[in-house]
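Before I ask anything, here is the structure I am working with.
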Amino acid sequence: MTSSVLSRLRGYSLPLSPSGTSAMLTPPPWHFSGEVVMVDYRVDPVAAAAFLPPELDLGADPGRAAAVFAHWQWCSEPGTELADPGTSQFGEFLILLACEYRGRPLARCPYAWVDQPVPLLRGWVQGMPKQFGELHQTRPMRVGRAGPLGSAAGTYHGTASTGGRRFVQASVNVTAPAAEPPALHTVPLVHTRVQPSWVDGEEPPVELVTSTVTGVEFSEVWSGDAHLEMFDVLDADFASLRPVSVGRGHVFGYAETLVSGRPLT
Amino acid sequence: MTSSVLSRLRGYSLPLSPSGTSAMLTPPPWHFSGEVVMVDYRVDPVAAAAFLPPELDLGADPGRAAAVFAHWQWCSEPGTELADPGTSQFGEFLILLACEYRGRPLARCPYAWVDQPVPLLRGWVQGMPKQFGELHQTRPMRVGRAGPLGSAAGTYHGTASTGGRRFVQASVNVTAPAAEPPALHTVPLVHTRVQPSWVDGEEPPVELVTSTVTGVEFSEVWSGDAHLEMFDVLDADFASLRPVSVGRGHVFGYAETLVSGRPLT
Amino acid sequence: MTSSVLSRLRGYSLPLSPSGTSAMLTPPPWHFSGEVVMVDYRVDPVAAAAFLPPELDLGADPGRAAAVFAHWQWCSEPGTELADPGTSQFGEFLILLACEYRGRPLARCPYAWVDQPVPLLRGWVQGMPKQFGELHQTRPMRVGRAGPLGSAAGTYHGTASTGGRRFVQASVNVTAPAAEPPALHTVPLVHTRVQPSWVDGEEPPVELVTSTVTGVEFSEVWSGDAHLEMFDVLDADFASLRPVSVGRGHVFGYAETLVSGRPLT
Amino acid sequence: MTSSVLSRLRGYSLPLSPSGTSAMLTPPPWHFSGEVVMVDYRVDPVAAAAFLPPELDLGADPGRAAAVFAHWQWCSEPGTELADPGTSQFGEFLILLACEYRGRPLARCPYAWVDQPVPLLRGWVQGMPKQFGELHQTRPMRVGRAGPLGSAAGTYHGTASTGGRRFVQASVNVTAPAAEPPALHTVPLVHTRVQPSWVDGEEPPVELVTSTVTGVEFSEVWSGDAHLEMFDVLDADFASLRPVSVGRGHVFGYAETLVSGRPLT
């Protein structure tokens, strides 16, 4: 943000201000720690292909997809956000489609919802299509009967609504630890970074980007049978990604640090 | 609810309906599992005494108090609420004052806030003075840098607001396991059960009640130094309970089953 | 609240406190001014009858019902709540069923939702079965194209959701002023006042109550064709009141002062 | 959005989808109708100047500012959003600073808050620094005692909070119609359009833009004495714009259509 037009205004994002401290977004890196409830499922490969830019293809296993609920804590490098849990926590639901770029496995996120404004806007900076929703998922408990105990068999639920309409609900009945993390959660995401046009005649740049990610950690993963329903309360494009079949479900802790974006090459 | 006036309407609570399934509240028992961030502190004993009904006194250690943040999951006996995490989770902040009834140690809750309507109304059924607020507290994470790891040293934060005004914030820097649970979380609560008058001339019954509680479980408790601030944005009665000094903080999992109320005797 | 048990604690409602200023509810009278979007409709008379206590009957026109969206401002006698619009405003959706008591026309409210905690609890004090929901309705505008202009032909919409699930939506296309207010909004409501049991062995009193209401005012009423949909996302009792046919819709301002309750006689 | 990279994906904004119907934002024009509660005030001119990019200056009356609460309804050209009032309504609070570009009077908006995600992101498209907050303002009523009657003397209040902390409250006691609209609400806004950097090495374009606005309408404006408080719960840059003195307040209906952006020339 060093352009001369900003010689007296600073900030990684709007709002720009004299010292830069008013910016809604802090600059990366951003650290994330979260709890994930994930369901493997399959979509119609034709529908999935329609969500890919021409540079990408469906790869070796067309129609592989996942529905992912996550509850996150995040902080910037100094970690100060953690002192305000209402700021540093958010829920997320997203859909992942398996795809490839020149034979390299990637994941495409056609839809995502969060329940806090900072991750919403941070998503758009990256090209991740985050919208606003109401997101809930079961938390593991340490004692008692009201919920599954962590690192044990039990049932986890997730629900997502937007505009007062529930569009997805899922449950995962984990029964045993898995040998490895679910595959679609281990490949890079590829986003289409684009800014809506506003000034007459402008042609906004469009680019495919992946991210530089460090500090990836998985906890033990527990897996089991899963249930997934997507309701027809949004548009037909979203509905085209409803499950053809539902696979296994997974519950795990996950951490990563988002460092920066990279053009897909 | 067997009165003849209700021969065709059923339900543990409003709304009454033909089959009783519309009731907002399910009948007890209610099972709770939660994560607690608690700060011991001291208030002016004169202020504390003013919050006690005449049957109670401050006991051996006048002015002992606690500020308690908790995130709960709950369910009724059949457990069906757990399938809807948005219904079966809520946050709570409450203040506890140490007191005694005829030499028996109890806790008095002068103020409590929750962020969901079902626990709000369930509180009023018991005489627990729950109001509505926005409540946030740090969650332990299993991996990564964005938050403390469970069963380890780390810092937990809690904040509470109501009507867009933050009235309390706390932090606890746990460093080691404690030998036993914090005392004020182990004694029964005693509430004043009262119904606001509405019909002209009625004299609502008022009674002091405790609860029959089963299934109490504590996880390992971690303790350490604490910080607690209460802001002067509510009324003077609330402000009278601001900390004179702040003691230790505690983080633990806790479970109980609420079975029924009992007149204090 | 003059019982000896409360000699040192005051308040119209919980939380009781030394000076009484902490009470969540202020004592009546409560003044209300609101904007109403109302749809006349008909339900299965057998279903409606099942929601009436034995003292009431369906009267001369069995199955007459209304769906009512309202956005309220309210204040207590001193009016101080108006200085905090976030406290003194709320949305409401309710269903009304026409009924009679010994030939006197009344309205029964089997279901109601609000979006603020104070009216929720105030409803329960009166026996009005208020629950929590997300409620939205069109506002008349004074200028521009984004909405109907007040006192003119135009379309008004209402939606209600609870727990992230929309259960009703309505629209009213008003075309002309009506000669008089809609009938079901002019008769007294009769509620079943009941407190859930909590202490072992107690038999909570149950009584039918109406209200003493003063200061009723209607603005000009505009009416026209209406649309009403109720979705099957709640229980079967609620679903039994879905529309058999839909009548006229009405848009108007309304005010009243709630003074106290009266046993139905 | 015609770039070849998007040959199979459409939409004015993210999320891009096969038919383009999933986009969170609709393309302009956007029609707005709203109710405004506005307070004229003065800030330290040095503080105001620090919020201007070098192309702008404070003009003839340095330190002139306004605090503006508005409740909006909006729709796109086809008007379909109006059928869902929860989508088509939002609250807004913003600060305006009087400034000039080469002698032409403009307004600079250093801070703005809304309570819905669509206007938040639409603001960022334009360079308007919208953040998320809880916003409330008095509505005029048509009947009764709970609030001011429209087109009459009365008191209007506004409050704004973010993250559970109230940062501003205002009241306006209107007593008589004004001869003309408040000056700062009649001049164009000038924003700094900027996209946070994400891809290594990129230099995001920065530009000053105004908007092409049509269909401007004011209702009758009522004015009177005003009160304005800004609380020190945000950063020091925001605090630097706290009132040095408070002027008149104004209440009015306002409408406009936002068509497109224009580079400032």
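The chains carry the letters A, B, C and D, assigned in the order they are written, with residues numbered from 1 in each.
Operating definition for what follows: a residue touches a chain if its C-beta (ideal position, glycine included) is under 8 Å from a C-beta of that chain, and two chains touch if they have at least 3 such contacts.
It should be emphasised that the depicted structure is a prediction, and the values quoted were computed from it without experimental measurement.
Peer 1: Among all chains, whose Cα centre is located farthest from the one for chain C?
Peer 2: Relative to chain C, the chain whose C-alpha centre sits farthest away is A.
Peer 1: Please tell me whether C-D or A-D has the greater number of C-beta pairs in contact.
Peer 2: If we tally the contacting C-beta pairs, A-D comes out ahead.
Peer 1: So the centre of each chain is just the mean of its C-alpha atoms; given that, what is the distance between chain A and chain C in Å?
Peer 2: From the centre of chain A to the centre of chain C is 41 Å.
Peer 1: Between chain A and chain D, what's the gap in Å when you average each chain's C-alpha atoms?
Peer 2: About 30 Å separates the centre of chain A from that of chain D.
Peer 1: Can you give the whole-Å distance between the Cα centres of chain C and chain D?
Peer 2: Result: the chain centres lie 34 Å from each other.
Peer 1: For chain B, jot down the residues that touch at least 2 other chains.
Peer 2: 84, 86, 134, 159, 164 - these are the residues of chain B that touch more than one other chain.
Peer 1: Within the complex, which stretch of chain A touches chain D?
Peer 2: 1-9, 12-19, 21-22, 24-25, 27-28, 50-55, 84, 86-87, 110-112, 117, 120-121, 124-132, 163-164, 192-200, 203-204, 206-209, 212, 234-238, 240, 260-263
Peer 1: Can you list the chain D residues touching chain B in their complex?
Peer 2: 134, 159-161, 164-166, 233
Peer 1: Show which residues of chain C lie in contact with chain D when the two form their complex.
Peer 2: On the chain C side, the touching residues are 31-35, 71-75, 79, 82-86, 88-89, 134, 136-139, 141-147, 155, 157-159, 171, 215, 217-219, 253-257.
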